[in-house]
Each structure stands twice: as structure tokens, then as C-alpha cells.
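Going in written order, the chains are labelled A, B, C and D, and every chain counts its residues from 1.
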């Protein structure tokens, strides 16, 4: 019996009927801006989880919550507001190949559902912030860019790392258009203010109303998760090359 | 002739008839707690080896014993007491992808045999120890957690690294419940005392009697293997990038 | 739904009819010599793009241009002058396995089109340069080497790294002959002079006329891209092992 | 068009008829002991090359010889003396997974040809040497070990790294027996004396006569190759993460 590398596992809990769903990326990154924004969208718009995604490039551990319950590194897709597919999760993939495969499989699924548009969100790290964090944009084609620029304070200069950038490039290869919105942030901790600015732009762009009054709750959940990231190192076994062999 | 990456090879020596077998993880980790405990279970309960597992993420070497015999990095499955599948071995996988594939293949096999429960064991590293090492727990669902907490001194705080954590998360994805028991240990050498505390809890949990009087022997085997881990480095060839080419 | 690693994706936009096409490698490397030369060939010879290639060993980001447009790490094939397939791109693969797969898939495609010859180009780094950069060569067989040596100032001593070397070795395995031309360069920035010297040799070798007067434009494009490589690091999210998990 | 990772490519030039061929490993390692010994066997016994092997875990470059000819990282199989398959090459794989796949594919091929025995050779690094380098052994079963010990000066203590160790462990999984012979060496340069001692033992073990008078020639070839390993670094392009993108 011979087996091949499991790289990405997509478990469908259902396949929602949607017309031309729009993929909204909300994975953890700078200031957890996309993560907070995505969680808030899911809560406010009553998102229904329909897919669980595991990658062998996620970390190989389990996390406990304060009651002894167990969580795992995971990505999930939620159907929201009849036309949004929100990608939420507590991790991105830890290496290049895993990251490509993860984004590819998610795009393939959304494309099969009829999707034609990808929106990615995130934070744009700054040393200092203006009073109101600015929101910057970039897009895969000019028409979309013009539309996005009207809602933003400027364009993104520099590279867009991780899923927020990769989903746009791979999506284009599949014939999907893409736009990215980044809000300025110090990026030192989960930043609900930046998430709020991104959400305002995204909701206007989508012509959807989203109540922002409970955004702080989403930020608190993110902060809580973020703190659980720094446990005492005591439970980590030796697994450097050679150490694991007895 | 073109070939694809071999990642995980499961060689079945037989397929024992078992009803709803319970997977018990006993791979090397902190203080070799799980390893000692698993070896003791196999010896005391008359375990029968029924599968050999190799991963290309195990190290690429052979180990000699003191008589010139050869051992390899390996994992094995043992059928014990009509309803246990004990995972024993001298290594975990050396990288993320290999670790996921290894756990995935093992779970798949146990799931196909009808398994619904995973128990993982291990050490919880401490700077100092109380007189009796405490045993802590975590579980994938509340019912199991309540059951486990009654037998333990507290719950696990922090991450559970390696196979002990990963088997729980991947198992849940397959519809298997999971519980983890960690005993406090200094983790500086194979620790039979911590293994003994874990075994007491696990045997009560499973309602199986296990004689602990010969546990020291299992620890000695682990210690022996552990020492063989530190051979003089003289036999290691040059294989850094570029060095191996002549 | 279980998925396997995407390593290399070749999207054909068309399959040009060519008789024994010659593969010309022009990926980024020392002094961007091959890159500039390839871009100039494509422009001067009216190359038609017929394939887009993505590898999961390319970096996982998107790049913005100064107008907010988006580019991705990519390789492309162009049909030029009825018998050339020019490999152009803004990156090589970031790891060994990806590099082999990338070169293998490109060679396979050109081989299927009837190709029997591979020409690779590049820079040969020097601390100081003579007045005119010298062009050096190496080849997979003696006949080709003799032919190449007549046009060059000497032979290559040392290893030929990256696609420029790998395409020759893998090509030979497929029954394709190969020759490499490297021009001396300081390699500190995109070097049109070295590209010009390589192009003179390659065009003579191919018996094709190429006007070199607009070569500076190709160099400027390369320089522009090269500068876009060094954006402020602010947009990079935390993604070291463990950091990405919330 | 989607492609999967090429990991190991075996190109058969022919399939020699042999009865229970014995695999002899002779890849580069400490002191190039196995490499020199294998090359000498191939030359003295008139070995016929019948397979070329490439791995995507070999390095991605081409090497030039002093005349401008090109060599690549490669492994080869030679049929010798009606019953030996000698594994010769200028590299081992650069990573774990590639190393497993390489050894696995070679073993599979020899197993299909009817092979039941694997002999691996190598150097055992020492700070100082006795007048005559000693030869040490290890084996997968007691009978073979007893046979080997009669011809050797002692047994191997410690790990056997690389293909020399891995072929034994994976071979056993396929039902092949295995024995390893290591000669003491300072390991600082290609060591024909150690190779000579290993060859004496191996030829006695195999009951084959091998003239050792021209062994120095094999060592000189190895030394030549070894020197070509240290070219000026000038031809290496930038390919660290991010550098390759323009």
C-alpha cells in the first residue's frame, strides 16, 4: 500500500446555491485586519459554514482553549448574503507550495460555483498612522481599479504578500477578476480600527449594509486567539533533525 | 519510467478483526512518556504487530545496535486486548507535510477498521515537579472532556505539538473523537514515572488492568534507544547543498 | 475531496506550428543578461505569447505597478521568427524540486513540438571587466561546442546555476542538444552591454538578424522591474512558523 | 494542463538478464570511499551502464569540464560480472524525501530483476588512522552479520547516514537482506587506501577477483571531480527568496 502526499483537503458540508458568488479573503495577516473584518461579516450577515479546509502545510499541533477544548489550524468557507463566499481561518499555509495549493483549491471551488470576482483584504504596515487609517487598493484590470480608487485614499505600492496577493494572481489565471483593499495599521496587535475602515470600503463596493457597532467583539475574539498563540513552550517536543529518533 | 514522491508507506502484516478499535498514540516526544507507556502496554497486553509504516520524512540513515545489527526509523501498529491499536515507533516525521500524511494514513486505517476514538499521550514539560507528576487532559468534545477531567489533575493549557496534537485534529475531521493525556515531566531523559501516571489514567479510562511493576524495563529500553541517538558524528557524510556533488 | 500538490501549471494560449523549434532561455539571473536579451528578441522578432506557466515554487505574492495594477510571478513562452521558442519571465523557481519540474515541463512541451536544441544565456560574474565583455560557452556535445567556440572568446569554467544549467542537463536526457552562452558582467544591476554581446553571438549562431539599437529600452524595462523588487517591507505579513496561527 | 512533481526519473537503456543480482552502492560520501571503489569495480569488471537516474532533489546546475563539455548531477546503474548491479553517481539527493524516493526506485528496479541482497560501502571518519585502515561492518540479519564479521576488523557503532544506510532499511522492507562495509578514513579528500581495504573485503565476500593495481586511477578521477566542486562562485545567480523576482 503506497500513499501520496496529502496537501490540501477540502471537506464540503454542503454546496450553497449562489449566482456568481464573490470570494472574500479573510485570513490572518498584518494587524489581523482581514481576519477581524471577515469574522464581522460572517456574524453580521449570518454566514453559513459550508466547507472545512486542511493543508499539510498548516502547523502540526492542536491548540487548547481555556476550558480544555481543542482547536486545530483550519480554514473555512462561509456563504453570506446570497452572494458572498467568505474565507475565514486561523492560519495561512506555512510554505510556498502549500500556499499555492490552498489558494488554488479554494479558487477552483468558487470558480465551479460560478464565481468571477475575488476581493482580498489586509493591513498595510506603517510606522505612524494618520488620524484615520487610509485604505489603499490595487486591481487586476483597469475598470475594477477605477471603481476601487473612487472609494479609497490611494493605491498600494509594493508587494501584497500571502493569500491576499496569491488569490489575485491565481484567480486571474482562472479568468477571475480581483481587487485588494489594505488599511493602514501599526500591525502590532489585532486592529479593529483598520478593519472598520476596510469594511466600510468593501461594503460600499459590494453595496451591502454592514452594522459596524459590534466590530469590537470580533476584534476581541481575534485578540483572544492571538494571545493563545504565545503559550509557554513547555509542551513542545524535541523534533529537530535527529532529535526525534530514539 | 517516471516516479512520484513516496511519502508514506504502510505495509500490512495482517488486518486484525476488531470492533471499534481505539487508537493509542505512543510516539517519542517530551520525556518519552508516550513511548514508554505504549511499549509497556504492548508488552503487558500481548500486542501483535500488524503494520509497519515508513515515511520519506523519517531520517535517511540506519542505526546500528551494539552487536552490529541494523535498525531503521520506523512506526508500527500493534493490536492489543481485542480493542486497542497502539501506535509505537522510534521517530515522528521530520517535517510538516510528512507529519500530516503519516497521521492521516494511520487514522484512515484505524477508521476503516471501525475506530471512533483516538487517545494521545505525552509529557508536559515543567521546570520543577511536584512530588507526584500531575496528569492533565484536553478533548475534542465536552462529554469526553468531562469524563477525562474526573481522572486528571487539571486541563492542558497551551499547544499540543506533534502527532499527539495532530491526530486529534485530523481525527475529528474524519468523525473520530479524541482525548489527550499529558503527565508533567522535567523532560530531560526518558521518564518512567510520568509514563506510569499517564498509564494509570489511561487504564482507568479504558477500564483495562495494566500491571505497572515492570514499567522500569520499558523505560530502560527507551533509555537505551535514546542513548544510541548520540553516536560519534564520525559516520555522517557531507551532504549540505553542493557538498555532495563530485 | 482530496487534492494533490500543484507544482507546475502550463496554460496554453495556442500551439504554434513550428518545425524543430529552438528553445531560448531568458529567465532572470546574474545581471539580468538573459532576461534583457530575451525581451529584446521577443520585441524585435515580433514574438507571440503562446503559453503561461505558474509554479507553486514561485513566490506567494502579487506585485503592484505604480498605477495600482497587479503583476504575478510568472514564466511565459513566445514563438518568434518561425523557429524560436523564447522562455521569458520575472522569476525562476525558489526551490530545487520546483526548478526541476519547471524545466522539465517546458522541455517536454518544446520536445513535443519537435524541438532538438536548447540555447541558454546568462551572465558570468566578474570583479572587473575588460573593455568589451567576453562571451564564454559550453555545450552538451563536441560538434556543438566547436561551432560555439568559433563565435566566443573562451569556454565556461565552473558551474552553470539555475535554469541555464538545468535545461541543458534535462534536455540531454530527452535527446536534445544544448549550448550555453554567458557574457561577463559585474552583475550589480541589469546589464544591457553584456546582453548585447550575448545577443550578437546568439544571432550569429542562429543566423538571424537582430537590430540592437533599441536594446536599452529592454534594459530599462528590466531595471524598472528590478527596482520594484525592493519595496518597503511594510506589506509583508508575519508568516514564520507559528506566527501565522491565531 | 496540470503537472505533478517529478521526483525521480529512471531512464532504462536496457534491462540486463541477471539471476538474483546483488546491488552494490557506490555514491559519494565520506572520503569518496564507496565512489572510488564502485568506479574501480565498474572499470575492472567491464560494467555496462543500463540505467540513468535523475532526481529533482539533485542540485539545479550543470558542471563544465575543462574543455567546455557539460556534466549534470546524475546516478547510474552498471551491470557487472553477470550478477552485480553497481550504483554509481556524482551526487546523493539533497533532501530527505528525494533521498527516500531515489533509494526506493533503485531498490524496486533491482528487486524486480530478482535481487535479494544489498551491499553498501563507505568511509568511517576518524581523527587518526592506524597503519592499515580497519574495515567495519553491520548487517540486517545475524547470518549475514556473522559472515561479514569474519572478513572485517569489527562492527560499526553509530548511525550510517545517507544512501548507505537508507538502502538497507528500505531494502529490508522489500524483503532484501543487506550488509554495510565502512573503512576508516580521515575523510578530508578522496581516499583510495580506504577504498582498497573495502574492495578487498567486498571481493572476498562476493568471491570475485578484482585487480587493485589501477585503483589510483579511479581515485584520481574522483579527485578530479571533487576539485571541480569548488569553482569560483561567480557563476551563481541570485536565487534567495525574493531576489529572483524582477
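Here is the rule we use: contacts are C-beta pairs under 8 Å (C-beta built on N, C-alpha and C of every residue); 3 or more make two chains touch, one makes a residue touch a chain.
Quick caveat: nothing in here was measured; it's all calculated off a predicted structure.
The minimal number of chain-to-chain contact steps leading from chain B to chain D is 1. Look at where the CA atoms of chain A average out and do the same for chain D: the two points lie 48 Å apart.
Averaged C-alpha coordinates give centres for chain A and chain B that are 34 Å from one another.
Within chain A, contacts with two or more other chains are made by residues 4-7, 9, 11, 59, 63, 73, 94. Contacts between chains close into a ring here, every chain touching precisely two others.
The chain pairs satisfying the stated touch condition come to A-B, A-C, B-D, C-D. Every residue of chain A that touches chain C in the complex is listed here, in rising order: 4-12, 28-30, 32, 35, 59, 63, 73, 90-92, 94, 96-97, 99-101, 103-105, 122-126, 137-140, 142, 145, 148-149, 155-166, 168-170, 172-173, 178, 180, 182, 222, 225-226, 228-229. Of all the residues in chain D, the ones that touch chain C in their complex are 1-7, 9, 11, 52, 54, 56-64, 66-70, 72-74, 94-95, 98, 231-232, 234-239, 241-246.
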